[in-house]
């Protein structure tokens, strides 16, 4: 393996944006407080000074308005990176994303592309309570016409944006606030990641843990703990939530014969329900035990730490369920 | 059986609204064109004349505004029936429904109820193209705090509203445009329906067809056709999409040992994925064959009839899949 | 505005355009009752002077965005009537390959960006297109048509503010036909003088009689000139009226037949024709010839649509994603 | 406004309230750094005259809705400091049983309806509550606080229009502190004189120096009186400034320390205190006593919060639905 360097998830995201701005002058970043404030989570800190007001645009609180404007700018030849400060405000722009960005190409009979990239900070874990702790991956993953990416690793934090900017179709990217300060290793050379396939983050033979986003880490840690008990878990990071890389998880399950899906989002009508349904449909006879899910509790996320923790899957929940699946 | 009468789905809905307005003077209907226009689909036609402008309120095009106002009015002691003309405009008010209506009770520690009823006309089948053919049942079914009802029969068209108005929590009701002119039979006496449980619309022993909404009818027709071939399909109308009546479909599957879920909405991350996942989790060993789904094609619905028809499950698709499941 | 005599040809062309919209839509309504056209069909009849007058003030490279009531706008922009009609028939020879239908006419080559059926949703997109033109240093204006009902939506507010704040060249054209479906202006807006909304965003605005083609032309030219010289947006309110139902599903319970008849007296087409005749910019004979040409062109459009073909069902999911994933 | 001498007691009560907010929040900030309080914490320091001045003009039965920056509003409305602090500690003795935290203070018994963290989202709700009061023939006003940043959201537009159209008694209080997080007013609004938005909805409006408690009181009393007599909504813009960061995560890169210092000279608390002293409505000794009482009360609040208990984790899904499903 080549040389590596230490980098935080935040810094990896910033490098990717900087690179995009440097390499293509049609790229610009727009969003609430991306400039003068330095980004709500300091991801874009310093970029306004490095580039200009034209490339780093602070916008008013008008989610539907500026997401719609980003869509329009993309239709007109630019490459906007639209930051919705947090996924929680995304519902205000949902109509623009679904009815315009995702629909335009098909509705216009293939004439009009919308190559917009929408980034959203998301996830639970900062005690921000019910209105600020949403996991809307399932909503976006439901919509044909969108390419939906969840960044669960440093590699993807650094590499996904470049691929997204090359897509002629709208790409929605989920970034995880709770991971921003996490350090990771990246190779010194340029990273190329694709935004079409899932990725095995850890190989294993006993069970496939299928997951994405901030849960990837929890699953990796759970896998380490399980190893001690002699259980080799494979951890598959879905990465692309739409269109799902079905082949990847079916292949994994066909090797391990057991599948657990782990997701922070509310359990009902989620990405994990879809993955479970597809495994049942296409790999039923490969299964040694029923597919299981460990998901977010179905509750508006409460503020206190102990209740917040209880609202999302924790390492111990994952370990426990895996053990039960393997040694019932 | 007692005396019955013929009634259209539209007329049944109207009777329910009229009854609610008559019986409780805290009830009022608000929505775009519910009054002077007579309702976009004539459901509320004549009610403005019967009641008054105070009880039948036309509102401006401001979905987030008037849905939010309905929520506020409910918090302040009224019983608003808020009509969102069609589900397609619901995304504009999604933030209000999710972050206020669904969340308020929990976030306030049980203090503040939001007894609002939100009705939306929905479904495919009128060649209204991509922006006007959405099936957003999966979105609402994902949200804890909401009670989500889908009206697939005349009985429910007549009975659901009364139950919904008695709920202290927000209720979202889906009505199907394509069914408005359909005639059905209702008993002469008052109907009591509950909004907590699913309902078997047809008993059968060979397979459970689990469905809701406009698909209920298609499944009933498919079941009739299958009967000719000697297959007895049970048709279970989920009716309540949140919280799901899991016991009902698990019981049915435990009797028939086969499950097919039929839904007009896009396949990925849908109500049917959830039902499938739960059957796998809780009735895996009851299954003779893998659970299957027949869902909407994953495409922004196109305008022309032949493509629109191809976008949603048809009777023949259901029949075909059932036959394959029973005689592989 | 008096048309100059050198404008004989121009006057005739405009009369052709405004007439074409009327006859095209009358025919479309007919075809609708024959179920050749389905879904929603929103007629522009009565309002034709607005699209005709505004779009003539634009250059071909300027962008246009419109609502579901956009046949007129597409025609004036120069899209082929046959291709539009074929779209309304759902044929793959249509401008959106039949996938859009009446509410979603698109022609990228003509900078015609639809056809949007979510009321108000195209306003932010228009601002974005204008922003792109500014950033790319193109001399393009983006023109966005919408109804007075749309102006109550939050997106109107956000788009107006963004456009003015960013100083981007958008012409907002509010087609105030006094009704949003069955809801009259007075039930939609607390402030019914819509042009007064302009100043509350520091945006220039004006109101014009949308039943008078020449007045619309003059007002539009002024507005467009202002946008081109300042680079800033402009709100033009055109007071008009739809003579027909909102869509084909509307029993028109909300207004009196008398009111409609009053407005029909202001029909923009005879008004413009008579003005041309009076100014001697056209002869009655020429008018008759134009009428015939229009009729002929509408007939051809129907023929084109009729002979068009339906896309094979196997193509259903085409265009959901681009074929070429990486550009 | 000069306070009348009969208002000695009133003046002291107001000074107590405005001081309580300041000290309560200073203490909260301290507790935050000790991680007793987590999540987002938005301080109102510098802006206290607004909530204090406006709410004193209301009656107890009037509804209040506010933003995530609402400790001050809750305190002035008379909610117990201990119960609020316990909420911020996440304890079940808190006003929202600990589930809401700093951004979601609720007290139905005091007609205090939150604490909303989606910018702009409570404006439509406020209109709905006022609509209910009107329909129920209650003499209630609904008072809704929001920032100047919120006024760029579509929901501001929709709520203003609906309130004016329906003529319902809402007092819209725009707390213009010149920044929305790091985005200055001039980057948020094309029209920076926010009160001018009133007329574009045919709504009465005015602007007041939000650093001057007596001025806010006078302006609010006028506004409230107008609402009570006409039944119509009113937009009151209070120009103010936040002395502290937007939240505890803000490095304040977007403004000069000098600017903050300039504004600190207008601190509403010494200003009001000095005015009382000058009018001889209070003595320095009494001021000192008040300061002590406030300190004591804040201390008690912390004690209450500290001794509070965490809700058992088994109760996690309580309150997702009502226990009593049918009323």
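Note that the chains are named A, B, C and D in the order they appear, and that numbering of residues resets to 1 at the start of each chain.
As a working rule, a contact is a pair of C-beta atoms (placed from the backbone, for glycine too) under 8 Å apart; a residue touches a chain by one contact, two chains touch by 3 or more.
Keep in mind it's a predicted model, so treat the numbers as computed, not measured.
Chain centres here are C-alpha means, and the one lying farthest from subunit B is D. Counting C-beta pairs in contact across A-C and across A-D gives the higher total for A-C. For the pair subunit A and subunit C, the distance between C-alpha centroids works out to 41 Å.
Work out the mean CA point of subunit A and of subunit B, and you get 31 Å between them. Here the spacing of subunit A and subunit D, counted between their Cα centres, is 36 Å.
Rounded to whole angstrom units, the spacing between the C-alpha centres of subunit C and subunit D is 46. Shared interface positions of subunit A, defined as residues touching 2 or more other chains, are 60, 62, 64-65, 88, 92, 95, 99, 106-107, 129-131, 144-145, 298-300, 302.
Residues of subunit C in contact with two or more other chains: 98-100, 104, 116, 118, 152-155, 158, 161, 165, 187-189, 317, 320. Residues 28, 54, 59-60, 62, 64-78, 80, 95-96, 99-100, 104-113, 115, 144-145, 147, 163, 166-169, 196, 243 of subunit B are the ones that touch subunit D when the two sit in their complex. Subunit B contributes residues 64, 88, 91-92, 94-95, 98-99, 102-103, 106-107, 129-131, 134, 138-139, 141-145, 242, 244, 266, 268-274, 276-277, 280-281, 284-285, 289-293, 298-300, 302 to its touches with subunit A in the complex. Subunit D contributes residues 63, 92, 94-100, 104, 106-108, 113-116, 118, 121-133, 135-136, 142, 154-155, 158-159, 161-162, 165, 317-322, 324-327 to its touches with subunit B in the complex.
Subunit D makes touch with subunit C in their complex at residues 152-158, 160-161, 164-165, 187-191, 196-197, 199-203. By the touch criterion stated above, subunit C contacts subunit B in their complex at residues 38-40, 90-91, 98-101, 103-104, 116-120, 149-150, 152-154, 180-184, 187-189, 249-251, 253-254, 310-311, 313, 316-317, 320.
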